[in-house]
Each structure stands twice: as structure tokens, then as C-alpha cells.
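See structure below.
All chains are identified by letter, namely A, B, C, D and E, in their written order; residue positions are counted from 1 within each chain.
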Amino acid sequence: MPLGGVIFLAVFIALFGALLIVLARAAGGGLKTGTGVKFDPYECGIPGQEKRDTKISVKFYLTAILFILFDIEIIFMYPWAITFRDFIFSGQGLVVGIAMLVFLLIFIFGLFWEIKSKALEWD
Amino acid sequence: MNHSLLMAILLLSPFVGFLINGLRWRKNGPNLAGGIATVAIFISFICSVLLFVDLVSMPQEARRIAVTFFEWIAVDRLKIGAGFVVDPISAIMILVITGVGTLIHLFSVSYMHHDKGVAKYFAYLNLFVFNMLILVLGDSLVTMFVGWEGVGLCSYLLIGFWFTDREKAAAGMKAFITNRIGDAAFLLGMFVLFMTFGTLNLHELNELAPTVAEGSWLGAATLGTLLLFIGATGKSAQIPLYVWLPDAMAGPTPVSALIHAATMVTAGVYMIVRLNAMFIAAPNTMMVIAVIGAATAVFAATIGMTQWDIKKVLAYSTVSQLGYMFLAAGVGAFGAAMFHLMTHAFFKALMFLGSGSVIHAMHEEQDIRKMGALKKYMPITHFTFFLGWLAIIGMPPFAGFFSKDLILEKAFASPLGHPLLWAAGVLGAVMTAFYMTRLMALTFWGKSRVPKEVHPHESPWLMTIPLIVLGFLSVVGGWIGIPHVISAILPGHPANILGDWLAPMLKVPLSDAHHHLDAATEWTLMGISVVLAAISAAVAYQFYVRSPETPDKIAKALGPVYQLVSKKYLIDELYFGAVINPLIRLSKNLWHHVDVNFIDKITYVLGDLVRGGGSLVRTLQTGNMQLYAMYVGLGLVAILSFVLMR
Amino acid sequence: MTADAFIFWFLSLITLGSALSVMLLANPVYSALSLVMTMVGISALFVTLGAYFIAGVQLIVYAGAVMVLFVMVLMLFDLRAELQAFSRGQISGALKLATVGALAGLIGGALLLSAGNVAEPSMAEAAKLPPDASKALGIVLFTRHIFGFEALGVLLLVIAIGTVALARAKGGTHAKH
Amino acid sequence: MGQDIFEIVVNGLKLIVIFLLMVQAVPILVWVERRGSAFIQNRLGPNRVGPLGLLQLLADAVKFLTKEDMLPNQAVRFLFYAAPVTALIPGVIAYCAIPLGTPISIEAFEMFGRSWGPYVFPMQGFDIGVGIVFVLGVSSLAAYTILMAGWGSGNKFSLMGALRASAQMISYELALGLSIVGIIMLYGTFNLTEMINAQQGALTYSAFGHQLAIPALPNWGLFYQPLGFILFFAATFAEANRLPFDLAEGEAELVAGFHTEYGGFKMLMFFIGEYAHMMIACGLVVTFFFGGYLVPYMTPEQVQSWVATWASSPNAVSAWTSVIHLLSYFVKFAFFMWFFIWVRWTLPRFRYDQLMDLGWKTMLPWALANTILTALVVYFAHTIK
Amino acid sequence: MPSTDVFTTITLQHYLVLSAALFMIGLTGVLLRRNVIVIMMCIELMLNAVNLSFIAFSKFSGRIDGQIMVFFVLTIAAAEAAVGLALIVCIFKRFREVNIRFFEHLKG
């Protein structure tokens, strides 16, 4: 099997890379450009006064950071999840279970700290 | 239960109490904190009793429970374990400490009820008991020293407990610094003993002590014990280091009762008794101890006669009584010293607590000139105080009589004693009777001089119960050491229990000329002291109850002498003029000329050199991270090329 | 030319190309997208090496999380192409390049030196990992490396708390320029 | 290598077929959505072009393809054009990893003067060992599409929409990833085919040394992980940016979110990407919780032996078995696709803070609870006898 | 012989050379780029290069530990990115600038 996957990944890379390059070149000539109102950024109602650098809430990137950290913790659970039953059968279930429990407690502590510190509040 | 467990509980119970109250001192209320602390000490007391019972059941020669928890210090020859010993001497001490300690904790619950830092107070108190137990139980001088320093710390903390008051904080500081002088001598004494005998274990030191009396002043035993004794004068408030104890009355009154009457101040006496074989081997030291003890007993008593502060009077009385103990130790009567230590713990704790009760009733008023006729307001306090009074002036059959009489007898009869020492002792007893009666009279009897706005009242039961228990002990406490002459005429011939109990632990003075007093002499001596004390008390009663104007006349007549005594012989001023101020001046000069002009300049030059070098290297530190990364890369290049070229 | 070799050369071409564009492109957003490309290429290389689970994790963590954060921050700052992408200073630049060159030469040299000494098994002959590598990975992770696992848990907790604190920080220690 | 031209060609063809299927399914789904919404809202919906308005699909496609292709002034040329293209790729690739039916086995045969085979072709784009990890990894790349489109358009509505959408996606990815830990633990594998195979037959709980069989129900993951199913399914709605989680394109506040500036064929590509996400979600739900391609109450062997009663050659038996399973899969799949559409026209939209709160403060803790509970049950069920 | 072998037979050396090349590209970026965020991306690139050699070693020595190391490196890299970007955002909010020259406050 692996080879099927490998081939596919190769194709995927080709699509992802080559297609972008081709399209970028096509975009160079194919797209219509202009200066009229038609080509202005879409605006609803009165034309906007402010420049393009709209202020964006730092919440978004804070969410992204917390996502990374929790995502990794979840990824750490995957190898545990697929081996947990094997560990139980080999008699090490308790040790590994407790190890994961400690990890989960850290996780839960972190999550509830974030909730309590209002890092996840949106308004 | 096995002994090490008992010992661990005995030691750790107060420490746990300290931790609980100490870590939660903002949160624990007075009842909770007091309850925890009292229970902690009471657990220790139960352990002490159990250990004591075990000790009693052992054969007389083998009465020793030693536990070593772990090895603490091991440097070459110096091997110190965390070892603790219960033997007849320390057994008495732990019973007194935990027993009296429990009562005083109980008293404090009520006494300190309205204080903000009450949990802190109980934490300190528990810590004190913990350190005191280490001091008492420690099997080596080093372990003892740990406790010694620990109780010093707690004493400092508790004297300065109301540290927002500048004077009280200063009193704590004074106690601490004065003790430091003694402690330094104590350390030196330890060094001398270790250099000579190669051990600091108390038991081994006693075994190794020279069997022949040392004549020289510079012999190891003499020098070592002398230095240790200087340490003891600091802790036990003897001449010349007694000055801190009267000031220490700044602390809460139960603290005065526990630390500055019953337990800590007796540590010096206890230390001498522990090392009795070593001290016996140094007759010169013994002489110094006896003389200083007798001098202190008289000296402090004279000051006590002129004081107006109820606690100050008791403080000088304590100094004086400690003098008695040292006198006893100095004449080789270690048993008598321990006996008086114990009875004194009972009645002096009682009197301090009683004074606390009075102060409580008088709304923090301590001046006895503003008291009087409190008898009718506070019957229980008065009655128990009365028992204490009888005990301290040495009226038979109260506790003080037996112990004081034993000391006086030994001072007269011991081979190390001298009739002059006896005479000093009797003088002290007479004066004690005088000033104590004066205190009683001014406080409880006579006409009321209480200001109108103060309404004295009897204290709550939490405070009176300890008083009653201690009062009882002040009466019967002496009955375990009844001398043979008296017991001979009593029905059933009660034995001298304490003497027998301590006998195997104590060495008798090294002298073949051991006088043995006949019964007649003994009766005579006893009679003289009792009668003189009674007369003195009667005179005082006459002065202060019947004709209160007489004392003033006498004071006027004495003129400058009275002034000198009432100003405590200007000892504090003397110390300032002769020692402290010159020292400060010297330090200032040293600082100015040596430190600033010489040492500092050297370091400046060194610093300039380093800075000069640094400013060269500083150019590398551009703050540009990329350059730093390049340095790392260059380092990697260097390492790799080294590895590859090799 | 076997499939193995073809895939390897193809993937390394893509990976190197996108890695170069990470370094060379003046627009940081393009750099970031090129880096995503590189990550995906490396993930595919992991697949050729039989590390399926790690390849998946590489996609989830790097491409799916870390680089999203990068792109998000870039868009937050709204950074366009820079006039000067590379740092100034010709001497220091030359020095830096020389360092890189020396390091590259040394590593290359080390590889060449070792090439002669070590027998080189090809992909097919290489020692076989257990067939179910993700399970083996789990078992080794939770027996031999369990301490590292717990320690990383704590690290992540600390960072989760620290970043929130940082994100909230109002001022710094420096005066505003 | 054992890998020959025939196999490579068939595998390649398979990919292209799956890609085309997905792309072609989109117009049908659009039609279903429009007719369905009309049905739900008691309207008529498209009914002019062709029978039941079915030819509307073609008309739409023609319209999309002939629209003007323009670049707004402030847009970043490259990103603006690349975003819709990349919208397709992760969805398609992830979907390829989901098994659609039993493998087709082809016996050895002679062709072009040499012998080929025997072959086994899995009924999926490609069979990668760590299926679920791969799917999660690839579909998480979708965030770039949104960010590229949002930022590349040079419009503040687009940027806001893109940030909201990507923040939402990553937030729900946590709940999504955590809710399947229980499933992974139960099946002890990442491989989707193995997971499906574990769901054969009637529902049988085995714990504490006993077995409890419930013949009336199929042995689906749903009955082992009900909470996991709810969390997973809810999270997929957010991942696909569908109502009630389509905050990114809330018309009232953000016009159309990250594709405000797009039109024509590029817009269509975003559509396809969105539907591809729905398809992945449905495919995974079916795989994890509803026995995948399995025919309920029957094992693949039983199906195969039934087919063997009327089909002749072994190749035909294998092929028909596969087709039956494919149909079984599509029935389940279609139900969940319809469910997506149904929910869209039934539930109102969340507010943004409610959305984030739901993801972080409700679903994530519940998913954690599900994980811990599953671990405890698994542990005690296997240790206590 | 060897000249064709190099292209057709893929060995550990190939992966190592690739890894080294990626590392060098990353290092160059770290040393020469001015944008802090790009520098951080180049650091990620270097970490990835190292990961690649870990996996290659793991494959060619038959030990799974290499993969676990990669797992850990991934975690650390993600943590580093989180903290680094948090810092950068802090600084950006203050100075509106991501040029590394603006970060030189710790000089001697």
C-alpha cells in the first residue's frame, strides 16, 4: 500500500505547487484590471473613510496561539488512545492511564485557567 | 508505643502546631489558633508522661531513653546525630515545659483573645516549645545549641510581639543582642571542649570529664565550663548579662510566665546540671558560679524592693531566684538546683499568670501604686497568688520552702560551699520575703488606689483554671523533696523522692572532707531562714498595709542610696557609657579610615580594571540577534572542524 | 529510475525550491505560504520514510496550526512586500554568508567522509521498522519517554498561561521611540 | 517493486473519478439545497428550467463560467487568484482517504503478451495507514484558503470574515480532534478501513468478562460513543462553516465574508470547497459511527456469499459486492448530507461570542469528559472480570 | 556505476544532504533577513530540517525513538512559535515595526 499513498502525495504536491505557479502566471495576463468604481473594494452604503489598515482584535491571534497549544496536547492523546488497550492487556494499563490522567489534569487546569482568566471572552 | 515514635510526636507536635498557625496566621481566629496550639502542647505533655512512666519502670541505673533519628553532621571527628535523650534530668524538664506550657497556653487563649495577631502569637509560642524541647532533649551540645538559639529567637519575637511600639521592639532587640554575647561564649566553650575531648555528646563529655579536680584557671575543663557558664549567664539573666530580663517584660504576660520565668531562663541552670561531671571537675568555675549566683540573688532582690511595676518586681524576683539556682549549682548541689528550678517554675509561673490576670482586670495597668484591695474583686486570683507568695518566701510546707532550704543547707555544708554564701542566701531570702509581701500588700491588700474609671473584675475561667492548678502545684510541688530531718518526724517517713530520682545522674563534689550536718544544725539553719523571712514579711506588712507613709520616710532617709537602687544601680547607663558608646565610636573610626579610605579604594581600582576590559568586549554585544546567531554558527564551525580534523 | 527515487527527487526539488523562496521572497506572506509548502513537502518525505503518524502530525501541527498563526499575524500586521528584505551591512553580510558556507562545507565534508566508512543500505534494504509504526510509537512514547511526555505537558501549560499574560501586557520597559 | 503500470494507471484513474464525482455532486447538492429549502419554507424553488428545475444546474454552470473575470483594485493579484484553486485541493484529497466500499480484487490475466496481477484495489482514493490523522491534517489546510482569499481581496469585510472563519475553524478543530479520541481508543487504530471492519454484525458489548449481544441493533460506533458522535457532528458543522456556524459570511454584518469580492467561476470553486468539507464530514461520521460502507446486520462475507449465488466470475462477485457496499455507503452519506441542509434551514445563526463560548467552554470540556469516561470504562471493563 | 547509483538508489546520505541543505537555507534566512517574523519562519525551517534527519535516522536504523524525538521537537517548535509571536505582537503593538533593527535594546 504505502506506495499508493506516496504516489498520491506526490500528485498532491504537484497540484498544490505547480497549479499555483501556473495560475499565478495566468493571472498575470488573464485578469481584467481597471480604475473605475467597479474595481474599488466592495463597500456597503457610504464609501469608507478609513484606510485599509483596519484595527483587528488581538483576540484572533490569541485564540490561534491557544489553539496550537491545546492542539498539540490533543495530538499527544492519539498515540495513547491507540495503544491504551494494548497496555491494558500487557498489564501496564494503570501506569499509562495514570500518566495520561496527570497529563489530562494539566490540560484541564490550563483550559480552566484560560476560561477563568477571561482569555476566551469575546464581546 | 515505641520510644522513637513517642519522641517524634513529642517533638513534632508543637512544630506542627506552629506550622498550622504560622501558615494561616491571617485566617485562624483566637479560639481556633489557641485550641490548635494548646492541643499540640497537650499531646506533647501526654507523650512526656508516657515516656516518664516508661522511664520509671526501668531499673534505676539504666534510666535512659535515647533516640537518634538521623545523622546530621559528619565532618571528620565531629559526628552529630539528631539524637534525643530522656533521662531523669530531662524527664523533669519536659514534664515542666509541656505541663506548665499547656496551662499557659490555656491561659493565653483568654488573655490574648482580643489581639489581632493571635494566631501568630500561638505559632511563636509553639515554636518556642519545640525549640525548648530540642534544647532539653538534645544529646549533644550542638543539638542543645540549636534549641538554645531557637528559644532565643522565639524570645525575641515574643518580647517584641507588639513591635509597633518602639520601646517593646527595642526590648526584644536588647534581649537578643545580650543573648548573643552569651551565645558567643557558649560557642567558644563548645570549641574548647571539642578540641580537648573530641566530642560534644553530653553523655560522653560527662564520662570523659577529668576525675581529679583541675586547679589551673586555664585548664580545658575550667576554661570550657567557664565559657559555657558565661553563655548561661546570658540566657539565665545573671550578673553581668541580666539586664535584658526586666526589659523583656514588654512581651505579653503569659510569655513572661512561660519563657522568662518557667522554662527558657532556666536553660543555663539545666545546661550546668547536664554537664555536672565536667563542672565538678573545675572547682574554680564552680566558685565563680556560686559567687555570681549569690551576688545576683542579693543584688536583684535589692532592686526588686524599689520597683513599682508589678511585672518588673516579678522579673527581678526571677533574676534573684535564678541566682539561687546558680548558687546551688555552684556549690555542687545540682539536685537542689533542679528542685528549685521545678518549684520556681510552678510558683513563678503562677505569679506571672496571676499578675497577668490582675493586669487584665486593671485594663493593662501595671503600676502597683494604682492598685490595692483587689482581694475583694478577684478572690481566685488573690487566693492563688497568696499561695505563690507563701511558696516564694519559703514558708513551710509550701514548695519554695523545701527547695530554698535545701539550697541554703548545701551552701552552708557542701565542701564547695561557705558560710558567707549561706549568709548571702539568707539575706536574699529575707529581702525576697520583704518585696513579695510588699507586692502582695500593694496589689491585693490595704486601701484601694484604683482609678475611678477602672472596674476590676475576676478573670474568666480559662484564666483561673491554670491559676488554680499552678496554685495547687505550688503547695504540693515541694513534697517530693522533703529533707531527711523533716521526714524523720513525719508519719510514714516519706523519702526524698527527687533526690533519689536524680542521684544516679549527679556527681557529688570531689572532696574527701564531706561535712555531714547533724540534725540540730540543720534545724537551726532552717529555723533562722524561716523566722527571718517571716519577720521580714511582717515588717513589710506593717509598712505597706498599716502605715503606708513609712516607706517614703525611709526612702527619704536613705536618700541617694535609695535613688541608686531604684534606678537599678544605673547598670544600663554604665553599659552604655563603658561599652556600647566606645564601641560605636571605634566602629565609626574603623569605617571611616579603614573601610572607606583603604578597602573601598582597592575595590574601585579592581572594578575600573574590569570595566575597562569589559568595554573592549562590549563592542561585540551589539544587540543584533543575527550577529549572535552568526557567532553561534562560527562556534559550530570551530567544533565541527575540530572534530573532523582530529 | 525507480518510483522511490523519482518520488525522492521530486519531493526534494519541491521542498528545496519552496524553502529557497521562504528565504528569498520579499513579501512575508509569500514566504509564509512557501513555508507551508515546504512543510507539506517534508511531511510527504516523512511518508516515504514510513513515518505516517508523524507525517500526519506534521500536517496538523505545523501546517495546520503553527503556520496558520504565522499567516494570521502577518495579515494582522498587514505587511506587504518590503523595500529591503535583507539586512544592511556588506561586511557583516559577507561574513554571515561565509559562516554559512563554511558550515555547509563542513557538514558536506562530514557526510562525504562518513559515506566511505558506513555501509549504506538503500531504502529497500534498510532495517525494517515494525509494520504498525504508530502503535510502536505509542508504546515507546509511554514507556521509555514518559517523563518527556509529562514535562511537555507542563511546558505547554506554562506557555498557555505565559502567552495570555504577554498578549495582555500593556507597556514595556523601554521608553517609546 | 511489485508496482506496475496497470496499478498506477488504475490508482490514478480512481483519483480522477473521485475528484470528478465530488465536483459533479456539487450542482446536484445545490439543487437539493434550493429545492429543499423551498420545501421547508413552503415555497416552490427553482422549477422553470427542465423537469423539477433540474436543468437549473446547467444554466447556473453556464452563467458562472461566462462571468467576467476581474481583479479589484486593492487585491493582491496572486493570492486573489490562487485562493479559490486551493479551496478545492484539501477537501478533495481528504475525501480520497475515506473508504467507500469493499476492495475490488482482480484475478491475474494476460494482456499485451505478459501476465498481470492479481490485484486488489481498495474502493477509496488511496489507503493511507493513519487515515484519520491524515484527514485531519489535510483538512486543516483549508484555513489558508480562507486567509488567502480574505487578505488577498483587499477588502475589510473579506479580512474580517476570513479571520472570523479561520478562528472559528481552529477553535472547533480542538473539539473535533478530541471527540474522536474515544473512538480511536475503542478501535485501537487510526485506519478507517479497520474501524469499519470493527463495526460488523450485531451490537455486542463485551466487558467485565461477559458479552451482551443486542441483535436488534447493528454494531455501530454510535452505540459506543453517543456523546462523541454528538460532539463530532456538531464540530463538523463549524468546520464546514455551515449554519448555524456560518458567522464568517453573516450577510447582515460582513456582506459575504471572505468571498465578498469573488464572482463567477472562482465563486463556484469556493462552493465546491465548502461542499467538499460537508462531504468529508459526512463521510467521517458515517465511517466512525454508522458502520461506513457496511450493510447493516450483515458482514461483507455474507454479502459476498449472497452475490456469489447469482454472479458468475470471481471478478464480478468482487465488483458487485463492492457496488452493493458503495450503495449502502451512499444511502447513509446522502442522509447526512440532507441533514446538513435540513439543519441549515432550521436553526438560526449564533452570535460570535456564543459561537466561541460553545466551542471552548462547552464542547471542549465535554469532549474531555468523554475521553476520560471512555478511558475509565475501557480500563475497568478489561481489568475487572 | 556510482554515478547512476546516486540517482536511482536512495540512501540515508540523500536524506541527510537534503536535510543539511534545508538547514543551511534556514540559517541563511535567519542571518540575513530583516523581518522578525520571517526570521522565526526560517527557524521553523531549520527545525524541520533537523526533523527530517531524525526521521531518516529512525528509518535507517530501525529504531522508533527518532520519531518520538520529532514529536517532541514539533511540540517545542510550536511552543516557541507561540511565545515568539506573542512577543512580536507585543513589540509590534508598541513600535509598529517588525524590523529586527528595532529590537536591539540589549546592547552593551
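Basically, a contact is a pair of C-beta atoms (placed from the backbone, for glycine too) under 8 Å apart; a residue touches a chain by one contact, two chains touch by 3 or more.
Computed from a prediction, not measured in an experiment: that's the story for all the values here.
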item	value
Any chain that touches subunit E and subunit A	C
Per Cα centroids, the chain farthest from subunit B	D
Higher-contact pair (C-beta pairs counted), C-D versus A-C	A-C
Where subunit B and subunit E are represented by their mean Cα positions, the distance between them in whole Å	70
Distance between the centres, which are taken as Cα means, of subunit D and subunit B, whole angstrom	84
Centre-to-centre distance between subunit E and subunit C (centres being mean Cα positions), rounded to whole Å	4
Interchain centroid distance [CA atoms averaged], subunit A/subunit B, Å	72
Multi-chain contact residues (two or more partners), subunit B	626, 630, 633
For subunit D, residues contacting two or more additional chains	1, 3, 78, 128-129, 133, 159, 163, 166, 170, 173, 177, 188, 190
Junction residues of subunit A, two or more chains touched	2-3, 5, 7, 12, 16, 52, 56, 58, 60-61, 64-65, 67-72, 75-76, 78, 82-83, 86, 107, 114
Pairwise chain contacts under the document criterion	A-C, A-D, A-E, B-C, B-E, C-D, C-E
In the complex with subunit B, residue positions of subunit C that touch it	87, 92, 95-96, 99-100, 102-103, 106-107, 109-110, 113
Contact footprint of subunit D on subunit A as seen in their complex	1-5, 7-8, 11-12, 15-16, 19-20, 23-24, 26-28, 30-35, 38-42, 44, 48, 52, 54, 56, 59-60, 63-64, 67, 70-71, 74-75, 77-78, 81-86, 88-89, 93-94, 97, 100-101, 104, 107-108, 111, 114-115, 120-123
In the complex, subunit A residues that touch subunit C	2-3, 5-7, 9-10, 12-14, 16-17, 52-53, 56, 58, 60-62, 64-73, 75-76, 78-80, 82-83, 86-87, 92, 96, 99, 102-103, 106-107, 109-110, 113-114, 117, 119
List of subunit B residues in touch with subunit E within their complex	614, 617-626, 629-630, 633
List of subunit E residues in touch with subunit B within their complex	27, 30-32, 39, 100-101, 103-108
